[in-house]
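What follows are several structures.
Note that chain A is present in both complexes that follow, paired respectively with chain B and with chain C.
After this line comes the complex of A and B, so read on.
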């Protein structure tokens, strides 16, 4: 339900009564096909909100091109809504979807749980005059710039200045706009995403305009996410890109060219002024504008910033039972975190409502499929007008005539909207009546509507793979609106190719694979246990493997989180719950010796406490954690006053005198991280250092604490603790990687001390610190079993040897291998709350699989013709899914495709020297058919004759 | 289906069916929708196909591969306009190359016959260890690779063309050399190899070679 808000909430967990308010869109959703003809004819130009009001749109329009549902709406600028002056759209719309009589609709629904995914509001720099936004024409926000860069943006992917519509050559970004500032109107926290999105914008700008000069004025660069460090390096490596560490203020506008003058300072040159063609304000993330009101409505508590008040042991929860929160309403987050907190919220709703799972679902029954594979092809062609989308350019009736002349075509017809319910029914009926055994639709892209038309074929008792879609809209009418005659010819070409392919189509069977309802969770740390408990709470057996004698993982070594959560208490709670849960079966001292099978039916062999167990399971979750790098630098292991941050934390918890009574303590950040060997940020160490520093200062306020850092990466709400530490007089000193600090042990006045020296860029001279204790931010590295387990489950590793998820942004808890999921620090270093979030996320994804009895495998997969296979193995090396293997056959060793693992990319086909491996639905014959039909023989003869006569 | 599924055969079949240009569109490099990164295979195949086109005297510009995302409609438009312009300038296949219809047919046919062999060669000799655009470009554009490819392909291609030529009628060494624009001594060498392999036979009466 779009355009809908929650009006009232009553009731409790398991039984909420909610009143929804749906605003009128003045369009009947079921009738609108998203064809946009109304937009074309609408006379009202209005600023386009989706494009940040930079360009215009019409009063009636689809919000943006990928909108779901792809349905228009009418906004308040409409002349009819204002004073009933114009109703052109009503006359134009061929489906009668316009309805000016719509009013606000109230709907009451009854739900068991609520998930709040309110997201964020970009910071509005207009609230402060100093940013110049709204006052200076060529100052834009990063949101504005995002739209400027987009191909669906205001200038179709061209970046242009507001003042003169010219391409800017010199562009500056100012970081932390609205973030990390305690001044009125700004946010004290770090928004966490701006450093990297700015780098993305810089890279895209350089892709657009090679000679663009990009300057980024920044504070710390916070590239703490997975692969972000490399991304930062990539942005920095471009010619003409400068990263300048300086506060920057907008001074004035040059009246002659409307360029913007920025004032900044560097160590080498002092204060400077520089002119830029355009300035981008990297604005931060605010909570939703009405978050206080929302909190009242749902009865949840917020934190001081206006985000949900975190329950540290479960950040998906709110203070109100049955109300959950996902995404950036938890606090500033990036896409992967938003995605896995969403799955996590889903899983927690599942825990609550599992007893009702599936009650509302209904099964579709299709007529039995007729076997037509032995018949001659009888192709039916349906050409869609798509309202006026196709027919205003392509001559549809003559295209239908043309289709009838093509080989194997026995029937052709035009339709106003093939996707409309009655048209789809018509296709079903005509297929039966005319005895069609293949259908070609001359309409739109298969991306959106192929599933619908496949369904239409099934309704007619035909195999769904007997469908081919000829895209005469996106590939023809939309791009050739000014060349009607040629467009008609092209539409006929496309349909001819499609018909040629259709004649070769084969019926394919999708098959149902049974799903074993048990889950295997590898790793008994916080991530593994949280995930296991969530899966078990939804009625599934869980086999939990732990390589050590005891559960707990690395969290055993942590006392509290920076926010003050008692980690040991939480851990003990979890362990108790795991042991008390009758559905969770723990194997201690477990080593996996073998994994076989695939999604829905894995068999994993485990050695545990002297026994061999064979576990059958449908889903696997890898939560094997991470470990601490053992430093080889800074006298670690040589001098017992040198600790790692983890060790220091343990000593503080024990109130070890040597540590808590130290006069001076120096922490060195990035030990073993962000260097050539490990080109990534360990993400947790900056907050870890700040946490330890605050604790020490609370115990011993006189202690001198120095934190030597490269960039402080206390991202998100952790920024407040960084500030607290600074206020407690913890001294933060930056060093450059080229000039790392030096540590030497010296005796002075009968006392052993550690002398830390480093050049200080601010002071300009060397600094010497005599410390009693040195603590090192040792890198977080993958646990040693990671590589072996990756091999066993046939999953891949990232360059830094953490597990590689299926998609870094969109599939952060899944592997490319179906049925295998991941969470926790085995994915990448992360804080405890982030691990908990991700563990629930993995549980949610595993449940999506386990809650079904079967999974459906596509029919479009590869198959090997054994007779032609020469056992060269070229296909096997080409397949990254591990779907192909050798099998012994009576004819010897032959390649064999496991259809369950094959994803249908067909790369193997192009490698096979004997064409023995075939991707079904995209066979050579089908594609040759298309290639051969691309140009008619007659056309070739004509062209050739003309050319050779000339020659 | 992935752009890596675009077989060399698709490309040469298109030319053989009279297309004047072939355009391959793939997803952006390093942004694979699968896990295969098969668009790099499409890139490698493009290099191979272009080299082969050059060998048979067809302008390699008639083949073009570009990578773009679903949101890059403007790029597709730009590439298409630009490519069709280029092809229009080159004219129908063979005209700017100075190849007759008969020659074209034989040359393309001989190239197509090499495709299964080339798939093996690609696997053994032309695989780039690192999947980056830079690595692919520098490998395929290096003098060594070009040289290697030429060495691997030229003899095979010549023999393949000769055999196709002899299909129609028996010819003498000099006829063959003239027909295919080859060096007569190279042709003799190929004829020796081919007769040893039993592919052709020599007719002493007419001084001509014919298919065995």
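After this line comes the complex of A and C, so read on.
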């Protein structure tokens, strides 16, 4: 429900009474087709909020071209709404969708649970004069720049200056705008995303304009996420890209060319001023402006920054039962976290409301399928206007006429919006009436709407694979908007090719696979246990495997988190809950020896405490955790005063005298991380160091503590602890990777000390620190079983040998292999709260599978023609899903494709030397038919003749 | 959004008759998600797929949130739509 806000909330978990307030859109949603004709005729120009007010839009318009719902709305700038002056749109709209009489509507709903996903607001640099935003024309925010880069942006993907519409050549980014500052109006926390989004903008700028000069003025570079370190290196490697570690201030505008002068300083050159054509402010993330008001409405507590007050043992919860929080309302987060906390919140709603699940879902019933495979093709072609998206460029009526001339086409028709419910019904009706047995849709990309149109065919009693979509929008009208005649020809070409392919299409069967309701969770650390408990709470049996004697994983070695959560207490609670839960079955000292099966029905063989168990399960969650790198440097293992941060934490918890009474303690960061061997950041060590330092300072305020770092990566709200440590006089000294600190054991005055030496770039000379204790931020590395388990479950690893998720942003807790999910540090190093969030997320995603009785497998899979197969095995090696194996046949050993595991990517087809393996729905006949139709024989002859003549 | 497509049924479910048909019940299995950005959409999709009725409440004209305004996303430079 759009334009809707929550007005009142009453009641308790399980029974909330909500009053919603819906503002008028002045458009009847059911009638609007999103054709945008009204926008064309509207006389009012006003700044377009979607494009950050850089370009204009009309008083009536669709928010953006892919908006959902794709329905226009009327803004307060409308002349009719102001003083009833103009109602052109009402006259123009063919469907009568415009309704100026709409008023605010109040609706009451009852819900059992609430999820708050308020997200963030970009920091507004206009609140502070010093940023020059709004005052200087060529100072933009990163959000503005994002729109400038976008092809749907104000200048259609051209980056232009506000002052003269020229392309800027020299562009500067200023980092931490509104973040990591304790000054009035700014936020003290780190927003966590700006370093990497700036690198993205730099890379995209260089893609747009090779000669662009990009300069980034930054504090620490916080590339703490998965693959971020490599991304940073990629941005840095471009010619003309400078990363300058300096505070930068906007000095003035050059009155002649409106360029912006920035003042900054470097160690080598001191204070400098430099002019840039454009300056981008890398703005941070704020909580929603009205978060206080929202919190009062829902009765939840907020933290000092205005985000939800975190319950450390379960960050998805709020202080009010039944109200959950997902996404950046937990605190500044990136997209993957927003996605898995959403799944996590879903899972916790599921725990609460499981008894009501499925009462509202309805079964679809389709008419029986008619077998038309023996009939001559009778193709129907439907050409969509897509409002004005296609028809403003392509001549649709003449394209319909053209389609009727094509072989096998018995019917053709134009439609304003083929995807509209009534148009889809029309296709169904006409298919039946005209006896169509194949349908071609001249419309958009199959990506979004193919499922809908397949459904339309099923409604007509046709096999759903008798559909072909001719993409005349993305591939034609959108890219050739200025060449209308040629675009019409091209649309006809595309449709002709599609019709040729359609004639070859074969009916394919999808099949339902039963889903075993049990889940297998591999790994009994915090992630695995949290996930197991959440799945079990929703009525499913869970088999939990732990390779050690005891549950707990690496968290057994942690005393508290930086926020002060008692890890051991939480762990004991979890372990008790797991053992007490009748649905969770734990196998200790477990090793997986074999995994077979597929989504919905896996069989995993496990060796546990001398027994062999065969476990049948529908879903698998891999939570195998990570371990600590054993340093080979800095006298580790040689000198007993050298610890890792984990060990140091254990010693502090024990109040070990040698540690807590040390006069001087030196911590060295990035030991085994961010180097050639492990080209990634271990993410947790900076906060780990700060946590240990604060604890030590609280026990022994006189201790000299030095933290030698490369970039302090206390991202998000952890920044406050970094500041607290600095205020406690913990000394932070930066070192460069080329000049790492040296540690040597020396005896002085009868006392053995560790002498740490390093050059200090700030002071400009070498430092010598005599330490009693040295602690190393040893890298977090994948646990040794990761590779083996990845092989068994047929999932892939990323370059750093952590598990590789299906999509880094949108599918962060699942694998490309269906039915296998992941969480915790096996995915990448992370803090405990992040693991908990992700564990609930994995449970939520697993439930979307386990709550169903069956899953559908696609009919577009590969099949082997045994007669042509020469048993070379090339396809077996090529398949990344392990879907192909040898099977004994009367003709000998032949390749066989398991249709359930096959993803239909066709890689094997390309490898097969004898063309014995075929991807159904993309057969050679279908594709060659389509290609042959692209250029007619006549056309080829004509071109060849022309070539001869030229010669 | 690249990989997730709102199923038509889900959209219809959102926009359908708002008065719950189950007003006789003491407890409600429906869930309200407030905020239609990437997180709110994901939560709604998961819950709907797992068999719950969801009300997705968005104060603006379209769902999609700030992510819809982004050009591409790091570190893969995938389109954020």
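As a working rule, the second predicted complex is superposed on the first by the 876 of 951 C-alpha atoms of A that agree within 3 Å, B and C clash if a C-alpha of one lies under 4 Å from a C-alpha of the other, contacts with A are read in each partner's own complex, and residues count from 1 in each chain.
Definition applied: contacts are C-beta pairs under 8 Å (C-beta built on N, C-alpha and C of every residue); 3 or more make two chains touch, one makes a residue touch a chain.
Keep in mind the model is a prediction, meaning the values are calculated, not measured.
**Student:** Contacts for A:935 in the overlay, against chain B (first) and chain C (second): which applies, first, second, both or neither?
**Tutor:** first
**Student:** First (chain B), second (chain C), both or neither: which does A:231 touch?
**Tutor:** Once the two structures are laid over each other on A, A:231 reaches chain C alone.
**Student:** Using the touch definition from the top, say if A:122 reaches chain B (first), chain C (second), both or neither.
**Tutor:** Touch status of A:122: second partner only.
**Student:** More residues of chain A in touch with chain C or with chain B?
**Tutor:** Larger number of chain A residues touched: C.
**Student:** Once the shared chain is lined up, is A:863 touching chain B (first), chain C (second), both, or neither of them?
**Tutor:** In the superposed model, A:863 contacts neither chain B nor chain C.
**Student:** Can A:150 be said to touch chain B (first), chain C (second), both, or neither?
**Tutor:** Touch status of A:150: both partners.
**Student:** Is A:14 in contact with chain B, with chain C, with both, or with neither (first, second, both, neither)?
**Tutor:** So A:14 only meets chain C here.
**Student:** Going by the contact definition given at the top, which residues of chain A touch chain B in one complex and chain C in the other?
**Tutor:** 150-151
**Student:** Of all residues in chain A, which touch chain C in the complex?
**Tutor:** 1-6, 14-16, 18, 20, 25, 29, 50, 52, 62-64, 66-69, 71, 73, 107-120, 122, 143, 146-147, 149-151, 153, 196-197, 199-200, 203-204, 225-228, 230-231, 326-329, 335, 338-339, 341-343, 345-347, 349-350, 353, 355-361, 447-448, 451-452, 807-811, 844-845, 847-848, 851
**Student:** State the interface residues of chain C toward chain A in the complex, per the touch definition above.
**Tutor:** Per the stated touch rule, the residues are 1-8, 11, 14-15, 18-20, 22-23, 26-43, 46-47, 49-53, 55-78, 80-81.
**Student:** Would you tell me which residues of chain A are touching chain B in their complex?
**Tutor:** So the residues of chain A touching chain B come out as 150-152, 156-157, 479, 796, 806, 816, 872, 874, 877-881, 903-907, 909-915, 919, 922, 924, 927-928, 931-932, 934-935, 940, 943-944, 946-948, 950-951.
**Student:** Which residues of chain B touch chain A in the complex?
**Tutor:** Interface residues on chain B, with respect to chain A: 1-2, 4-10, 13-14, 17-19, 34-38, 41, 45, 71-75, 77, 91-92, 94-95, 100-101, 116-117, 119-120, 122-123.
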